[in-house]
């Protein structure tokens, strides 16, 4: 194995560990703020994986939107609703065992799919800057979803404001 | 002249060669050796930058206090060292040895984490800043967005700082700070778009290069009308985002004690403080790069030009701080959403319209 | 060319709409009543004109046929026509409707508009079933009749007899059966279609094409699916449990129509659909059907005997009587070394029994209803000696009862005799057992009805006491007499001169049987 | 390059962790956190596929990245809406605990 | 830049997008005065969308790099969406007046919801499918929770949201696997991939992703076991929204399911048929059995609509497009959906009319209804008969074709379970009829009907009857709509 | 020779390390003498112990305003995400890209106008 590959593996493993650990914290922490921090950690880990995958734009969007925006939203929501958080209650509901089983079953199925399938993999080198291409495709091929998503954002904003405002 | 222009680049190459020579004896594989050398070099560069930055901040603090004193007809620090030059050093030492008081009910882990998280974006942002020609640690094609993205991590540090203290003033201050920071993030992000549009790349190096014409004076701030508008919007919102007066509501002592920093002391407080100055410095470097031509300029070496521009912007910020009263919270938010965001949006459209026109007239 | 049958079906529908549109006023109720009665005479007139005027009893083919494409994509046609099987039933439907409406106009006092609307709608459904020759159309009319009957029982039923329970039970039973019939209908369509040609829902074409001729499993399945739908309606043991409840709960007119017409829909369907379309399956299963019929006959009689409620008793006697019909049909089709004549006699008897049962049981339900109106009870134990106390009523009840138990000279005798006469040829054992049913039936009627109600001692003191509560045991009044008179007349007429109707039936039976290979 | 299944396994694990969180937590916001994790995992899948699977067209096809971009966007909208609903219910019911939200039987 | 043809073909979408924004803008500018006008503006928008949708009739075009298909199948669902939009807007007028000040927003969001339905109908790419489904879902969540002060509305929305978000994440994972196996987002490429590869691991991928996709879409069409949200959401949501949810998302959910299964995954027909058959049986049976115990009419209709989805699914699993049989399954689904649209909207309109006048939604509150509102009571019977599939109503025609398809494919047991269930359903439908007709109520004040509600009631009832008496045009409509699947009329 | 993102990774590593070093260093050298008074929460001169139990749990009822701000922020943040690739590609795309983007922006400006007009941008 060449050194860059080793380093890539190292980067991959660290980031994967960060993502998974963050996820575990996010779903197990009792304190919601800590759960949210775990979520952020996981986001960061996934962003790191995107870097390893050479999808830097998505990576930076991940940081900008998930870490910078969505997590703020979550944190604010936690603060707004935390007044009556009952400490005596466990964070898990009564059917957590069932949930665990479901998650494990699904995981084994997905594991089978992930490892057992012959994905037609091709080793392609990414040459040059893909962002102009991305912009171009957004404006041409993906024009419809692009415009639709702005409507969606408008509608979501209006709706969320109506629902949440005092 | 050439030597002077490429001083740091040459230095880098020389050290790297030295390292190669030193490591050659280890008998590593060729690519492993190269990787090791560049890793060490990068770490060196980071260390140099950070040390340099700490020094800069110390100077900045001194400068600010002196300036403030001058403008307010006082003397300012004058006991430690000549003209009080060593005052910041003394402050630093104090910070190190000061007891760290954590409130009893606080979330200790989060409390400690907060200043670290607040510090991180500053360090990450340095990765892409071009200090001079060939003097950027790394040139990535998402440079501009990278800066914005990592800056947004800072808001989390502020927030959890407020939360982790378990003090309502901290919490309120933290929430306010975050609300302000995110509000100003928007005009800041939007106003950089015209520049990216004109350059056709988000790489800060490319942006620098695009401003190199006309004997180094083809700065975007001169690209009327888009450039100056974008610059003003950027500068104001950047000041606000880093919480400089007159936008320092989150830590407005008279309103909510010291904001999210109320319960911090010692080194943790020091980190917040340091991060604030780092961020201030960084936004000035970005402003310099995007609008003032970065390292471009006639005669003087690029890195000198760069530092000069950055310092100019910093002094401007200080001047604003000293002279303007603090904004009210409603004015603050109004400014962001009702003034800066619409202006920035219009600016983008202007840039979009203007670019083809400029292209056709061969600008 | 007058579209007589369409007219016949449309008339009550138009009447129903007009009933809805009669403006609200103080006299609205009586306007509605009289309008509905007079209007319902029109279909009766049309039906009479068709049967006695235009219908040619010598022809076995469909008459007054009307065909139009309805849903071309699935070859559903608006195909109407009547033959010797349906003509008498159509006529009987219109007659009983008139009588029921007339009787109801005196006995129904609440929600008049809805009652007459529902009743006319019910008539549409019943007539539609009898005249439609397309299975799709048939099914639509079949279900169309369900809803009004449901409302008739539920709204105007006897409050003490759980009308809501009975009505939904009636509805669900019938629906449960008919949905499977629907599946069979579709399956037949699919079986008769091919990649290039559409299938058919037409009775006549289906009879000619014989769906599932090569697929025994499917044929049997389809046969039973349809048979059960009809058997529930008949009702044949063991599908009969809805009937006593529905009858007891229903208002008098509802019971009359239920017993007089709706039960016939089942047997009509068997003759119209199963015999011509699935002769093989029918033959193969005739024994089972015969056994069920025999059980119905015996069980119906015995169960009737055990009843303490007059109306329930009549209801169970219907199970018994309809059993004869099924037995006759089964015997006519069953495999065996019988002469075609014997089969024809059995089938004729069965079809005639359908008509007769409609007349006789219709009358009986009227009669029971009249008694209930007076006594506010139907418990058999309460009565006794009525023959002497209210003689006209007694006479009518006696006539109807005798007709029901098969006294020669009255309608019931002819048809029952013909059924057994024909059935012995192919189903001797079952017929013998069924004769027991006749005996039980006769015993039941003689003992329970004639002896207990008409004869015996009249408890003067009790009825005196009841008079203080406004209960008066008067003899028949005019409207009641008018109501039952035509039915009594028919019983006698058919009893002494069955050819009026047998002529019509016989042509058809012969034609049906001649199409079957034995 | 690192084999594709490495990424897929990580994504699957993250997805199932998120699913567990979404199914097992009491607090509506915690459930939302689980959901965000799931979406994140899918994005990882999409980007990994984009990078490894032979593109359908000779020019670099960015379908996976674009899809991921839209998923990020939708996740943000979803979080905004979901949290707005959480706040609304908190205001009217003083709880964000899904088990306490039982005016109607589940 | 999209060319003129493209713009022409997506005119209905453009119309709705513009109208949605105009409604918002008008509401912002005029505020108080515009309230009534806005509703009519919305209706106008839907009418124009309906008309422009018809413009695309006969076209079969893949737009935007094969991501978006305008064919008769899509247009069928666009018509359906527009009609649902018109009727629901009409019935929501009075309902909203006293319940929320944010009517402009409501109408705008509703317009966007219908827009999303139209987009779903046309989507032929994983991206568009996900985007449009989420769009519709978000709008549904918001509309469900629109009565902010109403605890039930809040609760309904949060439950709907949590279920929806989890299942859509599951679906998204399935979509990502499809992308991974084919390297493309477009159905055409996915089909080609599966046609070329048929090894066991590929089949497993297809199976897993199909199951996950069915989970996501099954949520929209409330299939068991993804139905748990439905009763609570239906009960708690503003009733016009409930009416909309019961027909709109369900119909287009089926549209997407059909398109995905038939165009992207035809190679795994046996697998998904097996899966969906089980789901269909569960859905019908559970929906009906639980409906028997309901006391709240909205809840009852919720379970009813779960059961209805089960029937429709019978048509889906019985799809057989070979030959020109009228029982191709697909047309059964389409006809059923069309019939169901009017029937269920009609039934809900009755509920809304009563709720507007009395605020009551319990079955017990319906006692004596026939005295107070004979018209509504009578229509209730018609709609319930149609839901139960009893002729002569539209529902019968729907069931006829659906069960017919099952028989054609030899799914005898499935068809039998279907008809048994429809018999069971009569029981609970008639429990409402029973209260309305046979039992005496306390209140006897007559219920007045607002003209828009009367209008939509009459339209729904008329179509329910017309579809039964003269089904030919509707059959043809369905037949044409299947054109994209290579079925000649 | 490190990949560009290798450098970034080292920066990330240093970003964690850099704030940690002084914290650890000061932790070693600084005095640690906490007492009750020191560790009470700052309360503007009031004694924390005087508060009733539930008030010691710090919770301030925040106004929903913050959250609404965050929503608007999120929406515009995403808008920015889409603007950047557009801006980068703009040169190659020509004027129709501007039209498309103006549409996109117009829709979001409506969102801003909505928030503005409904008074959500007022910090009352």
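Going by the order they are written in, the chains are A, B, C, D, E and F; count residues from 1 in each one.
FYI, contacts are C-beta pairs under 8 Å (C-beta built on N, C-alpha and C of every residue); 3 or more make two chains touch, one makes a residue touch a chain.
This structure is a prediction, so every number in the text was calculated from the model and none was measured.
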item: Selected pair, greater C-beta contact count between A-F and A-D; value: A-D
item: Gap in Å, rounded to a whole number, between the CA centres of subunit D and subunit C; value: 65
item: Inter-chain centre distance, subunit C versus subunit F - centres from mean C-alpha coordinates, in Å; value: 81
item: Centre-of-Cα separation between subunit E and subunit D, whole angstrom; value: 26
item: Whole-Å gap between the CA centroids of subunit B and subunit F; value: 16
item: Two or more partner chains touched - positions in subunit D; value: 8, 15, 18-19, 23, 32, 41, 49, 53-55, 66, 69-70, 72-74, 76-77, 79-81, 83-88, 91, 98
item: Where subunit B touches two or more other chains at once, by residue number; value: 31, 34-35, 140, 145, 148, 171, 175, 178, 182, 185, 200-202
item: Multi-partner residues of subunit A (at least 2 other chains); value: 4, 7-8, 52, 54, 56-57, 61, 64-65, 68-70, 72-73, 76-77, 79-80, 110, 113, 119-120, 131-134, 138, 140-143, 145, 149, 151-154, 156-161, 163-164, 166
item: Touching pairs - complete list by chain label; value: A-B, A-D, A-E, A-F, B-F, C-E, D-E, D-F, E-F
item: Subunit A to subunit D touching residues, read off their complex; value: 5, 8-9, 12, 16, 19-20, 23-24, 26-28, 32, 35-36, 39, 42-43, 46, 49-50, 52-55, 57-58, 61-62, 65-66, 69-70, 73-74, 76-78, 80-81, 84-86, 89-96, 98-100, 102-104, 106-107, 110-111, 113-115, 119-124, 126, 130, 133-134, 137-138, 141-142, 145, 149, 152-153, 156-157, 159-161, 163-164, 166
item: Subunit B residues touching subunit F - in the complex, by the definition given at the top; value: 31, 34-35, 38-39, 42-43, 46-47, 50, 95-106, 112, 115-116, 119-121, 123-124, 126-127, 137-140, 144-145, 148, 165-169, 171-172, 175, 178-179, 182-183, 185-186, 189-190, 193-194, 196-197, 200-202, 257, 262-263, 266-268, 270-271, 329-330, 332-334, 337-338, 341-342, 345, 348-349, 352-353, 355-356
item: Interfacial residue positions of subunit F with respect to subunit A in the complex; value: 1-3, 5-6, 8-9, 12, 59, 61-64, 66-68, 70-75, 77-82, 84-90, 92-93, 96-97, 100-101, 103-104, 107-108, 110-111, 114-115, 118, 120
item: Contact footprint of subunit B on subunit A as seen in their complex; value: 2-4, 7, 31, 33-34, 37, 40, 56-57, 60-61, 63-64, 67-69, 71-72, 75-76, 79, 129, 131-132
item: Complex contacts: residues of subunit A adjacent to subunit E; value: 109-110, 112-113, 116-120, 140-145, 148-149, 151-152, 154-156, 158-160, 162-163
